[in-house]
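By written order: A, B, C and D. Residues from 1 in each chain.
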Amino acid sequence: MYFDITPNNEFIKTEKVPGPTKEEIRALVISKVKLTDEDVVVDVGCGTGGLTLEFAKRAKKIYSIDMNPDAIKTTRANLEKFGLQNKVELIEDEGLKALDHIEDFTKLMIGGSGGNLDNIIETGYLKLPIGGRIVITSIVLETATDSVHMLKELGAEPEVVNISVSKGTLLDRGVMMKALNPITIVSARKI
Amino acid sequence: MYFDITPNNEFIKTEKVPGPTKEEIRALVISKVKLTDEDVVVDVGCGTGGLTLEFAKRAKKIYSIDMNPDAIKTTRANLEKFGLQNKVELIEDEGLKALDHIEDFTKLMIGGSGGNLDNIIETGYLKLPIGGRIVITSIVLETATDSVHMLKELGAEPEVVNISVSKGTLLDRGVMMKALNPITIVSARKI
Amino acid sequence: MYFDITPNNEFIKTEKVPGPTKEEIRALVISKVKLTDEDVVVDVGCGTGGLTLEFAKRAKKIYSIDMNPDAIKTTRANLEKFGLQNKVELIEDEGLKALDHIEDFTKLMIGGSGGNLDNIIETGYLKLPIGGRIVITSIVLETATDSVHMLKELGAEPEVVNISVSKGTLLDRGVMMKALNPITIVSARKI
Amino acid sequence: MYFDITPNNEFIKTEKVPGPTKEEIRALVISKVKLTDEDVVVDVGCGTGGLTLEFAKRAKKIYSIDMNPDAIKTTRANLEKFGLQNKVELIEDEGLKALDHIEDFTKLMIGGSGGNLDNIIETGYLKLPIGGRIVITSIVLETATDSVHMLKELGAEPEVVNISVSKGTLLDRGVMMKALNPITIVSARKI
C-alpha cells in the first residue's frame, strides 16, 4: 500500500498529449475525489495518465477514457511502467459515449470533455450513487463556471477551489519562484 | 483504511490556538511528507492538530509537540473526536527539547518553531534515517528562506513550493473567489 | 499634477458600500484604462469611489454611477476630501439607464452591473469612439467569462488578466503574507 | 503628457538581457515609486529598460545603471525607439559604484544588485532625501527578506507586496489562464 504522488519527471511523456497533471494538483484532486480503496473511478480525458495512475494506486477499478489514441497509448505505457495496468480499463472513445456504457462507478473525474462538458456532467452525475463524487479540473475559465451551473441545475452543491502553485529553483543568489498555470477544481457530492 | 482529508469545519477549535491548517494545504503536506503506514512522524508545533490528525489516519505512530498547553488540549480533543488518540503521543514542550528525546522517527513536520527553527531543523535532520523526510510549512517569508539555507548547509536538496488557494462562494450572481493566505512548503529527503 | 495612487486607509468608508478597490488593483485598472488627461470616463458601480478618485486626478471629466445612494454619498465625500468633486458628475441610477443619457465618453469602467452586465457592455461599447477603451473588474468568475463573450460578440479582442496580491505584515518573527481576494480585469479597445 | 504603460511586445529585446518587466508589474512599480514629474530616479539593474522607459515618460531625470553592456545597449535602443533618451543617463557599471557618484536623486529603484544588495540599499537609502522612496523588485525569495531586514535596520518601515498575475489566452473552448512568475515588491519611504 502506498500514498505517494508520483513525481512529474517519472512519467513517460509524448508531445502530442498534454500532461501529466502536475504533482501538487494530483494531490489536491485525490483529496477532492475523496478516494478510497472501494472506489470505481471513471477518468474522462486521461491524457498522459497522471491522474489515472494515482487512482490506480488507491482505488479498486478505473475506467480511463480519451478520444486521442496517443493519450491511451501513453496512459498505458505509464500504467505498465508502474505495474498498475490490471486495475485500469482503457477506452479510446468520446467521453460521453464511453460513459454511456459504464455502470456502477462511484467517482467521476473530468479532465477533458471534447466540447461536451454539460452532457458528460449530466450523464455522469445521474449515474453516480448517492454519496459518489464528481470532480472537474479546469484550466479554462468557462469550464469552471459551466461545471458549477450544470451541477447546481442537477441539485448538487459544488465546491470551487482555484490553486496557484509556484515552485522554487535554487540559484546561487537565492530561491527563484516560477509559476505553474493556475487550475480550478470543481467538485460535488451526489445528493 | 481511509485517505480522506478531514474538512476544516469538523475540527474543534479554540481562539487561543491557530489552525487547523486548511484542508487543501493538509493534502499537499501529506504528499510532500510522502507518508506511509510504516512511518513514525514528529509534528513540531501541532496547533489545533490538523496535520497530526492526518498523520494519525495514515502513519504508524506520531509524536505531536507544542509549547502551548491549549494547543495540546485542542489536538487531543480532535484526536479523540476521530478516535485516533492511541497512535499519538502528545508532548507539551519546546520543539527542540522534545525532539532531543525522540528516537527512530522517519518523518519530521515543522509547522511552528518558537524562534528556534535552525536548531530544530539541524537536530531533526541529523536524527532522520537516510530516505526520511523533513517538511516545513511557512506563512512567514523568512521561515522559507531560513529553512532552505539550513537544509542546504546540511547537504540536503530542498524543494520549495508556494501555494495560493482561493475558494468560491456561490452567490446568486456567480462564484465569488476568496483567497486563503499563501503558504510555502519546504521539503527535503535525508541524504 | 500627480500620479499617486491614494492609499486604502485615506478613504472615507461606510459599512453599507463595498470598497475602495485596493490600491494595487487601482494602479492596474488605471493602466488597463490607458487613462489620459483628455479622457471622459464613465464609472459604472462606483461604490466607495476608489476608482472615481483615481480617474478624477488624471482625466478631464468623469460620470460616476451607482444605484446605491450610500455609494453616491461616500464617493462624493471622498472626492470632496481630495478637492476633486468638480470634475465628477455623480448619478444615482441603474448603470444601463444612466449610460443611455451620457454621450461622448472615451473610457468605460464597469465595477458593478446590478445584474445587467451584458446590456451595459453592449450599450457602452457601441457608444465608445474607435480607440476608446472598456474595462470590467470582476470578483465573480461569471463576470469575467460573460464580459469576454459579450466583447467577442461585439467584435472586440478582450484581454483577460487575473491578479492575486498578498501583502506583508511585519512581525518580530518575519514577514507574514496575507492574501487579498483575486480579481480579474477584462479590457478591450473599441475597434 | 501620457500615462500609458508600454506593452511588452513593443520593446526591443535581446536574448542576453532579462526583461522587460511585465507591463502589469511596471504599472505597480510606478505606483509604489509614487512617481512625479519632479523626480530624479536611479534605476539599478535596468536590464531591457522596461522600467527606465516608464520612469522616462513621467520623471524629470533618470540614471539607469547596469553592469551588462548588452543591457545598456538594449535600454538605449528602447529609449531611442520612444524618443526618451535625452532624459536618461546610462551608466555601464556596478550598481554600488555608480550610486556613489550620483547625488540629488529622489527615488531609487533596484531591479538587480549583482550580489551587493545590502550595500546598495544602505548607500542609496542614506542618500535619499526625507520623503524619497526606495523600491526593490524581487523574483528571488531572499531578495525580499534581505531588503526588508536592511530597510528595518536603517529605520524605515518597508511595505511588502507579492503579485501573481495570470493572463488569458482566448481559445475556441474558452479563456485559458497562463501564469507569469510571481514578483515581490518591497518599498519604503525615507524617514
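Throughout what follows, contacts are C-beta pairs under 8 Å (C-beta built on N, C-alpha and C of every residue); 3 or more make two chains touch, one makes a residue touch a chain.
Keep in mind that this is a model prediction, so the values were computed, not measured.
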Interface numbering overlap (same over half, different under half) for chain B and chain C: same
Chain pair with more C-beta contacts, A-D versus A-C: A-D
Whole-Å separation of chain centres (CA-atom averages), chain C against chain D: 26
Computed distance of Cα centres, chain D from chain A, in Å: 41
Chain A and chain C, separation of their C-alpha mean positions in angstrom: 38
Residues of chain D whose C-beta touches two or more other chains: 141-142, 144-145, 148, 160, 162, 164, 166, 168, 174-175, 177, 182
Partner chain C, residues of chain D touching it in the complex: 1-5, 23-24, 27-28, 30-31, 34-37, 58, 144-145, 148, 152, 157-168, 170, 174-175, 177
Of chain B, residues touching chain C in the complex: 115, 139-143, 164, 166, 168, 171, 173-182
Of all residues in chain D, those that touch chain B in their complex: 141-142, 144-145, 148, 160, 162, 164, 182
